[in-house]
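Listed after this line are the structures, all set down as structure tokens.
Both of the next two complexes hold chain A, though its partner changes from chain B to chain C.
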Partner chain A sequence: MTETGLLLDVADLVVRFRGRRGKQVTALSGVDLTIREGETVGLVGESGSGKSTLGNAVLGLAPVASGTITFAGEDISHARNRQRRRLSRDLQAVFQNPYGSLNPTRTIGSTLAEPMHEQGRFGRAEIQRRIREVLDQVGMPADSAQRYPSEFSGGQRQRIAIARALVLSPRLIICDEPVSALDLSIQAQVLNLLGDLKRELGVSLLFISHDLAVVRYIADSIVVLKHGEIVERGPAAQVYDNPQAEYTQRLLAAAPAPVTHVPFESR
Partner chain B sequence: MLILILKRVLISIPLLFVVSVLVFVLQSFIPGDAAQQIAGPQASPEMVEKLREALGLNLPVWEQYARWLGEVLHGSLGTSLLNGQPVIDALNQRLPTTLSLVIGSTVIATIVGVVLGVISSRGKGAAARFIDVLSIAGLAVPGFWLALLLITVFSVQLGIFPATGYVAFADSPSEWLRSLALPVAALSLTGVTAIAKQTREAMLDVQASDFIRNLRANGIPESAIVFRHALRSSAVRIVTISGLLFIGALGGSVVIEQVFGLPGLGTLAVSATTSKDLPMIQGIAVYFTLIVIVVNLATDIAYGWINPKVRTS
Partner chain C sequence: MTSSPTPAPDSTTWIATQPRNRRRRGPLARFIRKPLGVAAAVLLLLGVVASFAPSLLTSIDPQAADFANVLSGPTAAHWLGTDSLGRDILSRIIYGTGPALLGVLIAVGVAALVAIPAGLAAAMFRPVDAVVTRLNDLVMSIPGIIVLLMVLALSGSMNWAMVAVGLLTAPGLVRVVRSSAATVTEEPYIAAARVFGVGKWKIAFRHVLPRIAGPILVNVSLIAANALVTAAGLNFLGLGLTPPTPSWGGLVADGAAVMNQQPWTLVPSGGVIAITVIAFVLLGDAIRDVTAEGWTAGRSKGASITRATTVPATSSDDAVIESADALLRVRDLSIAFPDADGSARSVVQSVSFDIGAGEAVGIVGESGCGKTITGLGVLGMLPGGARVVSGSIQLDGVELLELSPRERAAVRGKTIAFVSQEPMTALDPLFTVGYQISQAVRVHTGASRKRAAARTLELLEQVRIVDPKRVARSYPHEISGGMAQRVSIAIALAGAPRLLIADEPTTALDVTVQAEIVALLRTLQEETGLAVMLISHDLGVVSALCERAVVMYAGQAVERAPVGELMSTPLHPYSAGLLSANPHFATPGSRLQTIPGSVPPPDKWPVSCHFADRCALATEACRVGPIPLVAVAPGRASRCVRVDALQTEGVAR
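Then we have the complex of A and B:
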């Protein structure tokens, strides 16, 4: 652990993908971002701004061309399987699509047990106890463990996806558009749940969304991304109420406020 | 699951009835009949007419059908008009050949197809393109042509496998395998390519989904992701195609058995149709229909086993 509980430090991160005909597409060009222990950072931007790529890079799902990603003092820019598996104790993810985020052929219990099995140091009884515990934390009944994803609604599945992220008691959860695919009323519930967990467990969140209002609700500070570059950053209230960058103002103006309608992000 | 099986069995009864009526009516449109065939071209019209009466072929079609149905209800499929052999005996004698061929080619097609599909879904560019080319070739190449090609290369030139004939498993398992190798290869090519393509597509779909992303982020080894998660999720599509392939192979076996001179239901169907051996044709239709029903049922059971959504609803 380094200065003042710094948990994640992304420095001058560049991510490139090979596009069509071998042309390089730069998704992120020199991005800096830090998250402190217990802090929630909101990452906003339009489709294609690179916000999901940033989350993916931290999770090892996008290739780091240059720059470094440091997690709890450890360079994880190019972490592979073994290191990733160890890292997964502290670093977890919740993705957008509640229908695709759970393996439809496995029971909820089996899905929740998987991260613990992979760690290979938990007994059967301990796993069962922990599954009951996290299901309770996300407000799902204990008997959910025996059931299949198809038996749950989108909001319930997202709760289960959050439970899976919690199983190993991580320090940071990457939430990539965790509520974008949900109905508005369900969005609020899931957001409240994330807010509660953050307070009770002290877990840090990197909350990625195209919706500034949603981010404003949950985040301590906000980072605005445009075409792979950061255009604005600051405390959540400040960015939301008094946006400096023209792009941020447009983002805010584009959303009918207060939130009445959350458009699907097409990707 | 039991209810599902029971339902299917009940539905299959009217299905069998409809198929048998259809086959009966359709064959009645074909000019000529078995009496003509048996009597030969030199026979006088009176002789043919006598034979026709003796065989009951002078009766209206519906009455002929009613007689046949009567036999079926008594647990018999009648006797061959040509040689008086009970139809059931003739069919049961040939069933193992056809089943060996069709089951063999479906199993081979599924195994080889899944392996190729998984490899191509992992590989970038070259491997994927190879499977694409192969699958178009596999769909375009007719089975009988491939069969002749295989015979030319492996039987005539290399002499590894027999060109024709069938050896029962009970007589010699190794010879049984050898006699089936080329026909199974010829019959399974289309299936290999269909399965490979479907497996590839299904694997790519599943691997793009968020739960696989999550496993990757957790550092789960790729082998576990492929075999424990992605392949299992792709299995529904693969089983669907396998079931369809089996039924397709049943039709394809008619041609392939002919080319390789295998004494199966397919060759029997061809000879029974050319000689207008009505009870035999009917019997073959019933057998083929039963096989299709059983395969469909097996596919459904496999669905339930793979996909919990089916199991619970």
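Then we have the complex of A and C:
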């Protein structure tokens, strides 16, 4: 690891997908991003901005065309199975859709055990103990382990997905729209949980969301993406309260705050 | 790592709202509850016994000819009669079972062993997909019967013919496995497994295969049925098994030869094939259901309300309702879904509200609170089995609930229009946008083709589409989500409605587009005097568009208020909780005010206050009986007995 506690360093990242009729579609063109130990970076943008692609590239779910992704000093731009398995101890993910993020045919216990089984160095008793521990951390009862995902609500499933991400005690969790599919009161519970974990475990988060208010609440710094390029970055309060880029200003103006009847300007 | 964060204050109550610990039955216990599956299993088990130990089931030699009783019908000695040589048909069926089932086993085994890995590989590895798909098409185009005849001619063995049957039927299964696996591989939990470094084949067998077991089982049972019929067909033609050996197909052939003298002989021989085919299919279905029940929550399908039930009369809406000349007047509306046992489970309870002409009213709440069902109830389009159990819906003084379905349909579109959350699903991908709008115009106004085309362009202009002519010629996939929502609003406006029910019209859209759609609805409201019933979970959108709002919680209206007052001084703890849970108002780093737990499902709703279990202000008084919605201030109503405490203490914001 480098001296400044730099955990993730994405440099000049380009991601291309094969589009229709063999045409190349550039999803990210030359993106730079760093995350330090314990830092939460919010990644904001609208659909098609490439924000999820950036998270996926770090997780090895999107092809890196050029540029480098360095995690804890190690180049992981093209990490494959064996390196991924080792990496998954430190690098985890929580995805958006709480209904698709858990395998419905497996119990919560076996879902939580899988990352540890894959590591191949944990005993049965150790796995059971750790499962109880993470379930407790996310505020779920221990007997959840014997149940199936269909028995839980969306918010509870998202807690379980967070528990799965925590099982190996990672240093960075990529959270891709982790609360967007949740109702407001449930969203607040999950945001509080992430805030607690951040404070008490010192885990870093890459928090991807379209919702600026949510990002401002959880993130230390904000990066705004548009069409695969970064248009603005800075400390959360600064980006939110004093946006420089025209696009950020538009995003902020458009997000309807529940205030006393201020109509939108017609555009 | 041992340090665990101190449980959040809300996590204790979280535990209290866990789903009840439903005891799961084991797979065998679940299977036994399926009479058709059990019958099929018993029959096939009998078949297995017949295959291995036919002498246990009959003492008659299948080859023993009883020339005194040739072509007899069922008798005490020969239960299913005899054939033209006087051989016992039952005994021949029993001795023919072994070869028949072995053939099926071989065909199914070969098909499954080839098709499942091939289909999975095609779904998971892009290069393999091209090869598998081509090969599949090739095999499908081979004329099966010729291959079978060749195999039989070369090997003379029925078993090799069944291997060929398996290979020939595999492509169908490959397609099923490939397409259903491709859908599953899109799921985020697959991505999560890849993040752990789980190998692709492990993912395929551990995470994908169990999910698609249902379609595979159904297809395998069809392959089994097909293999049995094919084998019988070959035997009928005298191929594979040579005549003195008993075979089911051979029995049919014997029967067909003597059809004119003794038609009965065809009944047992054809019957056993038919019954076995049915047994395969039923068993496949039963096993599929048993596997799926292992992990899905039980849900009643196709039920209807059959038992007369009393919906808790929590009606008593004491609040005086605002406008006397309302366009839409909903009173004590209660809607129920059928429960598994045919009783009514109420999902909307005594909801009352008015919408004046040209007014925008928001229906606010989280999922599971009944807002969408209320909207569909007003529209008269309740989903499967749900019905209005009591109440009244008046539109311009006309009672909608007394109209016939046909009259109700005439109201839809003309007076009340609907815009849904997913604009793309509201549009038919096969037709141009212009065609779809003009169809709506013609249905509602009976205009000529030419007039409708002109009106279409007007409507597109009305929803602020810049280049109406070009958009009218476009297909839905050629336009953006925001554009599609404008088009579906244009379709809604085709009948010049007076009330627009918009169910989460902006939720699926990007924020900048969201703002444009809200602005558009507002302009339309001002220009055309359109009344809007806006169903939304988003207080921001509601406050941008509506004058008044109804907050719904667990099937009840818990607060009615002008939007501004609702935002500044909520008078129900749930409204207050929704506002304080909003990160818009939160200081970064501080904890958000949360409502502990989640919205309870309808079968957990108490007769007393529905919110009491999650409410910080709840006292004994909240749990004794139904809480009425009462007027608490001019134009405001709240369903809370602690409203005084709420007003004086306030709720943390």
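Quick note on the criterion: the second predicted complex is superposed on the first by the 257 of 267 C-alpha atoms of A that agree within 3 Å, B and C clash if a C-alpha of one lies under 4 Å from a C-alpha of the other, contacts with A are read in each partner's own complex, and residues count from 1 in each chain.
FYI, a contact is a pair of C-beta atoms (placed from the backbone, for glycine too) under 8 Å apart; a residue touches a chain by one contact, two chains touch by 3 or more.
As the structure is a prediction and not an experimental result, all values here were calculated from the model.
After alignment on the shared chain A, the placement of chain B and chain C results in a clash. In the overlay built on the shared chain, the residue A:108 is in contact with neither chain B nor chain C. Taking chain A as the reference, the larger set of touched residues comes from C, when chain B and chain C are compared. By the document's definition of touching, both partners, chain B and chain C, reach A:85.
Using the contact criterion defined above for the overlaid structures, shared-chain residue A:43 touches neither chain B nor chain C, since it reaches no partner.
Shared-chain residue A:201: touches chain C; no touch with chain B. In the superposed model, A:97 lies in contact with both chain B and chain C. Touch criterion met: A:192 reaches chain C, while chain B stays clear of it.
By the touch criterion defined above, A:57 lies against neither chain B nor chain C after alignment on the C-alpha atoms of chain A. Taking the listed stretches 55-63, 73-81, 397-405 or 595-603 of chain C in turn, the superposition on chain A shows a clash with chain B for 73-81 alone.
Comparing the two interfaces of chain A, the one with chain B and the one with chain C have residues 59-61, 81-88, 91-93, 95-97, 100-105, 111, 114-115, 118, 148, 150-151, 161, 164 in common. Of all residues in chain C, those touching chain A in their complex are 1-8, 10-11, 14-15, 18-19, 21-22, 187-189, 191-199, 207, 210-211, 294-297, 366-367, 481, 510-512, 514-516, 518-519, 522-523, 537-545, 563-564, 567-568, 577-579, 581-584, 586, 588-589, 591-596, 598-599. Taken in their complex, chain B has these residues touching chain A: 209-211, 213-222, 229, 232-233, 306-309, 312.
Note for the complex: chain A touches chain C at residues 46-47, 56, 59-61, 81-88, 91-93, 95-97, 100-106, 111, 114-115, 118, 133, 136-137, 139-141, 143-144, 148-153, 155-156, 161, 164, 169, 183-189, 191-193, 195-197, 199-201, 210-214, 216-219, 236-237, 250-251, 253-267. Contact residues on chain A toward chain B in their complex (touch as defined above): 59-61, 79-88, 91-93, 95-97, 100-105, 107, 111, 114-115, 118, 148, 150-151, 161, 164, 174.
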